[in-house]
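In the two complexes that follow, subunit A is the common piece, with subunit B as its partner first and subunit C second.
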Partner chain A sequence: MRIEKIKVKEDKTIKEFIDELSLSAVPILLELDGEIFYPDDNYDRKIQAGDRLAVIPIIAGG
Partner chain B sequence: MDRYSRQVLVAGIGKSGQEKLLRSKVLVIGCGALGTVIANNLVRAGIGYMRVVDRDYVELDNLQRQMLFDEADVEKGMPKAVAAVDKLRKINSSVKIEAEVKDVNQKNIEELIKDVDVVLDATDNIETRLLINDTCFKHNTPWIYGAAISSYGMTMNIIPKVTACFRCIVPSPPAPGLLDTCDTVGVLNAITSLIASLQSNEALKILLGDKDSNQELLVIDLTNNSFDKIVVKKRDDCPLCRDGVLEYLDKKGPSEPIKLCGREMIQITPQRKMEVSLEHLKGKLERIGDASYLGYLLRFRVDQYELIIFPDGRAFVKGVSDKETARSLYAKYIGV
Partner chain C sequence: MKVQRLNKILLYDDGAARTLNIEEIAEYLRKKLAKVGIEARGNPFAPYPVQDKISDYAKRIASVKIQDAAKRMSFGQEPFYAEIEYEKRRILGKTRTSGVLYNGLELQRIFFEMIPRGERSLEFVHIFFNNRLFATWDENDRRYHARVSLCGIPSIISTTGIVEAPAKPREYYLLKQQYEMLGKDLLELKDRFKGVFIDYEDERLTEVVKGYAMQAVFYSLVGDPFCQDKGCRLYNAHWQDELIFAQLESEYEFCQRHASFLEEMNEN
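Up next, the complex of A and B:
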């Protein structure tokens, strides 16, 4: 698991961002500006300048 | 009380807090890397009662991170819950501790949860967590989610009807093979110890009625020592939070075989509650293979396979990767 920072072009939707990273089939959480963002709610929300979007993999190991 | 003198001095605990802890009851589900550290911390902290549940037995590659086990436990093939409780009783004999060697499922989880004040999640799969989530919601029992792999881990307190629930975060189990496991990416003992210590500390806060207990998802990555707290809202369409639908607790039908994290091993669970005489079964199986009865479990080797059979009829089938073969070996040799 490694944290990588990437820059995203403005006006891209969250769906496009997820598809571009091939994450649509992977269990993840999205964090947008410190809160969980549920993509089903607003998948077509456009990423804006200054947004901080984090992809958090779900894990199950114990 | 002398035993807890340094803890009693901590602001917010005191003598009355310690007395509250001494009256409290906790359930630890899973006794691996997280569960051993949680159980160790809470027994030393002086909770009153602990029930430790685990389906597995101790193996050599557990010792790197599962802090209550040693080489003798591996040698004897001890069930993890029993080996852990043996150690915990030596650490603090005033705590009442019970070991339950079983797989947690729809049939037994309510019995395990119903009389405890808080549940500590130390399991290794999403399905069991969804089941804990439903059951704790039904019984209004707080539980503490924790998970770790590689150098990465997360934890969150789930307080029924107050915080978001686990289904708000993970609405359904991911398809098999999608999640990384400790087998594919490994795991550091620092991250499991850290997450488990946070979980046990949050349990103490909940037991003490501390309003500052963590209600966010805490995500830690030790590659860069990042600690992120993420606000998790209840999901508008969560069937549990919105409608109280107990989909995983009310699920009917046979338990599916489970491929165990990190091993060429499949668990088969019988469809109904049962007790198997392992000594009797040993008598039957030793005529066709190598069978040894170890007091808590029966180990049976035949051809390239190994079956480890527990008194509740559950079995681990080793040396297979597909569920159908595991099921057919179970039917052939155990015949349930």
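Up next, the complex of A and C:
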């Protein structure tokens, strides 16, 4: 999994966004408008149609 | 390949190892990434001289200790007073961590909050060097596995992980069991395998860590820290001999693809 930018199609919350992509069990960060945050700290945050969210996977090495 | 523009690479180090030379790593990155600013920020805990803040971090770090590598940890576990005090001493540089395993993702989350809000962006590469040994849970065999690095915001690189995470030769573990059963000195065993794996306070550590720092940089640049080429510094080594080959013995630093990528980046 690589960093991927996803265009939001309709207004929703971060929680809804994560659930739709089945990402709740995957270690990721999100970026919106240049700001990176943990999704579960921002579940109630509202995102709007047209927003571009970067899904940033956390990758372990070694 | 989509490339992220980088503003700055920021290095943090809370005294990870005596043989880790951060300034040398910074200089190496300056040469490899001529157009990106590199800044060594020192100890990430240093801006928090207030005792309450140190206690808070100590408590949070103590709460992400893994008690049993075969049991997925539950969150919000309350650490013992002695564990908090130990972490406090560790933060203040009065002791070194050893024999403790931490949940890497949770440790990373604590470090994330230490990054100024204005710098929590993909344009900034934050790399925390530390000597805490951390692990991530693997659902396939349902246990924690020690790791060298965890790429994210920040990327964390463990000097203890470099020693403990990639496997040593099988013969070493067999002999270690025998030595332990017979009560023999393990230092003698280490002498027999001298140079075959990276050890604590190894003089080769700085050179090895340069490659891991580059993995963190490529993670931010293109989203993928690794390369399949065993001779490339971006190779994700799982054995000590692989690590030593990729970081120290290979005839080239980077495979052709990644070398060209860096060249182009420095030209444009």
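Some notes on this structure:
Throughout what follows, the second predicted complex is superposed on the first by the 50 of 62 C-alpha atoms of A that agree within 3 Å, B and C clash if a C-alpha of one lies under 4 Å from a C-alpha of the other, contacts with A are read in each partner's own complex, and residues count from 1 in each chain.
FYI, a contact is a pair of C-beta atoms (placed from the backbone, for glycine too) under 8 Å apart; a residue touches a chain by one contact, two chains touch by 3 or more.
These numbers were taken from a predicted model, which means no experiment stands behind them.
Contacts of A:Gly61 after superposition on the shared chain: both subunit B and subunit C are touched. Looking at the shared chain after the overlay, A:Gly50 reaches neither subunit B nor subunit C.
Applying the stated contact rule after C-alpha superposition, one finds that A:Ile36 touches each of subunit B and subunit C.
Touch criterion met: A:Pro27 reaches subunit B and subunit C at once.
Subunit A residues 2-3, 27, 29, 31, 34-36, 38, 54, 56-62 lie at the interface with subunit B in one structure and with subunit C in the other. Here subunit A touches subunit C in the complex through residues 2-4, 27, 29, 31, 34-38, 54, 56-62, going by the rule given at the top. Subunit C makes touch with subunit A in their complex at residues 4, 104-105, 108-109, 112, 117, 120-123, 136, 145-153, 161-162, 165-166, 212, 215, 219, 222-226, 236-238, 243. The part of subunit B that touches subunit A in the complex is made up of residues 30, 32-35, 121-126, 129, 146-154, 164, 168-170, 174-175, 178-182, 185, 187, 192, 217, 219, 221, 223-224, 226, 228-233, 235-237, 261. Touching subunit B in their complex are the following residues of subunit A: 1-3, 25-27, 29, 31, 34-36, 38, 40-41, 54, 56-62.
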